[in-house]
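Each of the next two complexes has chain A plus one more chain, namely chain B in the first and chain C in the second.
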Partner chain A sequence: MNTAPGVYQGAADVIAALMLLLEFGMLRQALVRDQVRLYAAQSALISVLAIVIAADRSLPDLYALAGLSGALKVVAVPLVLRRLLGRPASEEAPGVAGSHTLSPATAVLASIGLAAFGFFCFGALHLHSPEAPALALAIAGAMVFVSFGLMIVRRDVASQAIGFFSLENAISLAALVVAAGLPLILETAFLFDLLVAVVVFAMLMRAHHTRAESLSTADLTRLRG
Partner chain B sequence: MLGVILAILICPLAAGIACFRAPARLAAGITIASGIASFGLVLALIPDAAHGALSYWSYLRADAVSGVFLLATGFLYAAVAIYAAGYLKDRAERYVRRFYLGFNVFAWAMLAAPLMSSLALLWIAVEITTVVSALLVAIEDTDGAAEAAWKYVLIASAGLGLALLATVFAYYAGAQVLGAHSNLAIAPLVSAGSRLPRTPVELAFLLAVLGYGTKVGLVPVHTWLPDAHSEAPTPVSALLSGALLATSFYAILRFYQVAAAALGSGFPRDALLAFGIASLLLASLYVFGQRDVKRLLAYSSVEHMGILAIGVSFGAPIALAGVMLHVMAHAAAKGSAFMGAGVFTVKYGTKQMAVMRDGLRLLPWSGPLFLLAIFALSAFPPFGIFRSEFEIVAGGLGSGSYAAAAVLVVLVTVAFFGLASSVTSMLLTPARDAGAAGRQEAQAAGTGPADGARADGAAVALRVRPQASGVLVPGEPSAWMVVPVLACLAALVLLGAHPPGELTTLITQAAAQVRGTP
Partner chain C sequence: MRGRAVSAAVPIPVIQLLQVLTVALCAPGLTGVIAKVEARLQGRRGPRVLQPYYDLAKLCRKESLAPEGASWFFLAAPLVAVAAYLTIPLLIPVLTTYGLPLGYMGDILGGGFLLSLASFVVAVAALETGSPYAQLGSSRAKTFSAITEPVVLFVVFTVALLTGTDLPYALAATVRSSAGEVIRPAHLLASAALFMVILHETGRIPVETHTGTSEFGMIEEARSFEHSGPYLALLKWGGQLKQLILFTILADVFLAPWGLASTQRLGAVLLAIVALLAKATVIGVVVAVIDDSFAKLRLFKITEYASAAFLLAVLGVFTLYLGGG
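Moving on to the complex of A and B:
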């Protein structure tokens, strides 16, 4: 007979589900600033999950990780993105409406298919351990696929970059549920590395915006063959 | 040896920081000194690393496998640093300072990766190579460079996301046996062997091949590679192809060691064989019909990464020794080929091969050297790639993989014809109709003359005037751009004809470590 999940497992599953919903929200949003807000909210959920795990398993390192992750992903990364992309010469610049390669409804439907595929693939792995809630891991798998979907169906550099950052959030979720004991120094190094990647992404986005006077990638077709 | 390892980790980084404030000529000198010093330090490390693993502080480790990759990267760093002094001589101060900052930090990250004892730190080093090299690809500030850099950073970072997921699953597998405070160190994971749970190890290996394979350029996740290699400044293209792809392959090899220890070699070998054959097949076909000389060489890189994957999949000791030799020989051969191609792009003011004619006469040194580099890449004796591919094929036949060995030989031959047909036109066809042919090619490629003139940045623009008047005078753009090509070819002859005893020991030990029988 199935038993009810404990507080930690229930919290992990609920937070994972909320993160997946926010991922769909990013897919649907037409404005960069709204996508960045959803990304910040998704990152905040990761920090909350780290705190829940730290309390449940008495892992004090995870409190530090939660604080660091929150400072970087909830504050620093959105700030960097807004500063580099949110100073438009005109009002239209941050908008990426119309950058869908599929209609929004079709994109969401396709992403539901991707999410289901990821969910069942990771669920079928049967990675069981006292520390690893299988449902949250399967949802992390679904998020990985949806974030790839976001990078593919949106034809603008901002959405593609946010797709990559949310892919990193999906991996962070997977890491928290199956590898919560990873040494803090390595987790910190991952986060620092992410910050460097964000700065480089933002610089290249800015360069593209300046050169093309648009965030669209529709004209990036010069190099073929 | 701790001092040597620390010096390898400090030298290029310090050089990069120093270059950011130094005048252009001093920056070039610092970079050359750093390149040569780093190579010397790697040489000093090799004898000890070949005879046993050196571990320090739980985070640094050098063994025979890392020695092979350090040697390839260290040599190419030194050679390309010398080349860059000639390549950048007409560039603006600000550009040169930024270039050398990125160039040295890029080399630092590639030298650091094989010295990391843990899969997590290895991932971080490879990620740093991505972000730094993406900026170097974009540094030319052309439409093509911006497009290539964006595709590169997005695709490679997504691939590295999968590699990070692989690292997480490797931790999960290791934690089941080694405890929750395992730091993902490679040696304990390999030692844990069959006690590791199968499913997470299988998943980690597949994700690692797909994720790091994106940076290696394995088909079908290779799509960033031809764009980035063709649009980057030539010294960066040489490092990307000769060293970065190998560094990423090193990461796959480390996951292979863990997977082979945990699962037996069957599953990981089959996976690598599939990716290797696909890469070799696509690349050998795509070298035909290329118009851009750097794109041609980029597809050759995909081909050689496919050969490495196939070589590991054979699993025989001689094939693995061939793989180790191939890593070093490919670094020297592809370095010399890209540097030679860079001389052509500077001389002719374009990357379009149809414009490049009469190369043997117009480039009395670089023309023949480029031809030799192509021969070396095509596995002609007495060059190192001949020896390495011979060993890989012998290993394939010895291990009973007759079909795969036959496919390898056929596709390498096809790739040779593709390379040879393009390059012989560049070198031997008279220059008479080059202008018209080039215009046609440029139109066919969708690039106007202005784009062609900007093909390799402002340095090209400065030296393209003779072409505008229709007359190219025989002569080399710079002696600095010839000497390192010669050095690479000399190294290739050494590797092919008579590898030094210490090097043979290193290769044998590295092959044994990958095979799991040190």
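Moving on to the complex of A and C:
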């Protein structure tokens, strides 16, 4: 029999679980537009989680971080992605719809396996400290694996970029639950790392789209010999 | 005088009987309410709330025919199914927080077995008829219930991990015990998975259009094609009973086990009946809203729906494995 965690801890765990579910949503979603929407929702949850932890442990810094992270990941990054994919995505998204290598149901089942691996890896660490909640950390671990899975099973640049960005969300989740008291300047620095990734992926997507006239990476095999 | 009547104790066997009677008598009404809400949401006037009762009464007055070559099983199946459905309210908390004497005849798995038995006999009866649509329906119903079965099992595992037992009364008591129990991810994930299974089991959108007339999209609805008269009435009533029973399990065991009678007082028991109907109606309204806002899934997409429900249930167990969840 398991005893329940407190309300705050439970709320934090539920938010982490919802983030993992959204990751699965991105995995099975066929359209980039919807994936970007789910990414924005996932990022919004990170901000909510920061607020919950700030209220629970009375860390006012985290309110600022929640605002900053929300502005960046909920508004700016999805906006940039939409602008960037604006033309290709509206023109029936060449190469994106139907870029699944597995059928959605199989992909979900395979990713449940990946998530289980992530869960049990972190479970094997036997962390039992009030400062590092084992469950939220394990969910972050599972999210890392599932976002890798997303990048593997989808054969288009846009989904892979979104997989990468949500990987960053997973790392943020882990950082938030393990080291909530990290100085704000460091947290902000991590956030700006994301900006670099966005710029790099933007350039990659642009370059790939102009060369292959498609966002699908299946065409890249033509480069071989 | 009235105060004394309300505080009078109701004998336990009567409460046990009331559990069955509440479900038996109110099930068609709930279907009527859902149909009404659905119609209003679509801008139609909709049938009367009492329409399902009139339908059942009308069917009971009609003659019943059996296809040539069908054995006694064809006519016995609706009776067995209804008997199974009427036994389940004895096992689950319908009106009381405390277990009634017959409540420990079976655990959650016992209730699950009875639900499966009812669905199995109806499927076999449909196969007996030789009618292609009834057979198609029973074959599909069994295929998809095999896919959703693991979800139900994982929900049961979650209950077992949460309470250390597999008694529905124990989970309801655990959920009532603190706010932390309500908000923990395992509980919420298992409840969401169960809700998805209930949508599937009651033949609702996104799995099946229960009001549709196109045989090719039918799953559960097609099975009763060859029954007529009182037997069809029993099958229809059975479907309504199943719906209210599943809603009761979701409300009184998982989502909102509040408002149940904790004593034998008449007032508390009556209040529990009202609370149960109110909770079932709220779930019914949610189901009606879902019915009106989504499209039916293509038949081969139902596996995706089942895999989503499976994901929720498995994650529920995972979160508990690490403790705390």
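Keep in mind that, in the parts below, the second predicted complex is superposed on the first by the 213 of 225 C-alpha atoms of A that agree within 3 Å, B and C clash if a C-alpha of one lies under 4 Å from a C-alpha of the other, contacts with A are read in each partner's own complex, and residues count from 1 in each chain.
The rule is simple: a contact is a pair of C-beta atoms (placed from the backbone, for glycine too) under 8 Å apart; a residue touches a chain by one contact, two chains touch by 3 or more.
Every value quoted in this text rests on a predicted model; they were computed, and no experiment measured them.
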- Message: Should chain B and chain C be called a clash or a fit once both complexes are overlaid on chain A?
- Response: fit
- Query: Taking the superposition as given, does A:D193 touch the first partner, chain B, the second, chain C, both, or neither?
  - Reply: first
- Message: Quick check on the superposed pair: does A:L31 touch chain B, chain C, both, or neither? Answer first, second, both or neither.
- Response: neither
- Message: Looking at A:A218 after the superposition, I want to know if it touches chain B, chain C, both of them or none. Which is it: first, second, both, neither?
- Response: neither
- Task: Considering only touches as defined above, state whether A:G181 meets chain B (first), chain C (second), both or neither.
- Result: first
- Item | Computed vertex angle (chain A) for partners chain B and chain C, CA, steps of 10° | 150
- Of the partners chain B and chain C, which touch A:L109 in the superposed model: first, second, both, neither? second
- Message: Applying the document's definition of touch, where does A:D13 land relative to chain B and chain C: first, second, both, or neither?
- Response: second
- Go through the superposed model and pick first if A:V75 touches only chain B, second if only chain C, both, or neither. neither
- Note on the structure: With chain A overlaid, the minimum CA to CA distance between chain B and chain C in angstrom is 16
- Residues of chain A that lie at the interface with chain B and also at the interface with chain C: none
- Note which residues of chain B are touching chain A in the complex, please. 118, 120-121, 124, 127-128, 130-131, 134-135, 138, 141, 143-144, 146-151, 153-154, 157-158, 161, 164-165, 168-169, 171-172, 175-176, 180-181, 183-184, 199-200, 203, 226-227, 230-231, 286, 289-290, 295, 446-447
- Mind listing the chain C positions that touch chain A in their complex? 161-164, 178-181, 183-186, 188-189, 303-304, 306-308, 310-312, 314-315, 318-325
- Could you please specify the touching residues of chain A with respect to chain B in the complex? 125-127, 129, 131-132, 144, 148, 151, 157, 160-161, 164, 167-168, 171, 174-175, 178-183, 186, 189-190, 193, 196-197, 200-201, 203-204, 207-208, 211, 217, 220, 222-223, 225
- Which positions of chain A touch chain C when the two form their complex? 1-7, 9-11, 13-14, 16-17, 20-21, 24, 28, 104-105, 108-109, 112, 115-116, 119-120, 122-123, 128, 133-135, 138-139, 142
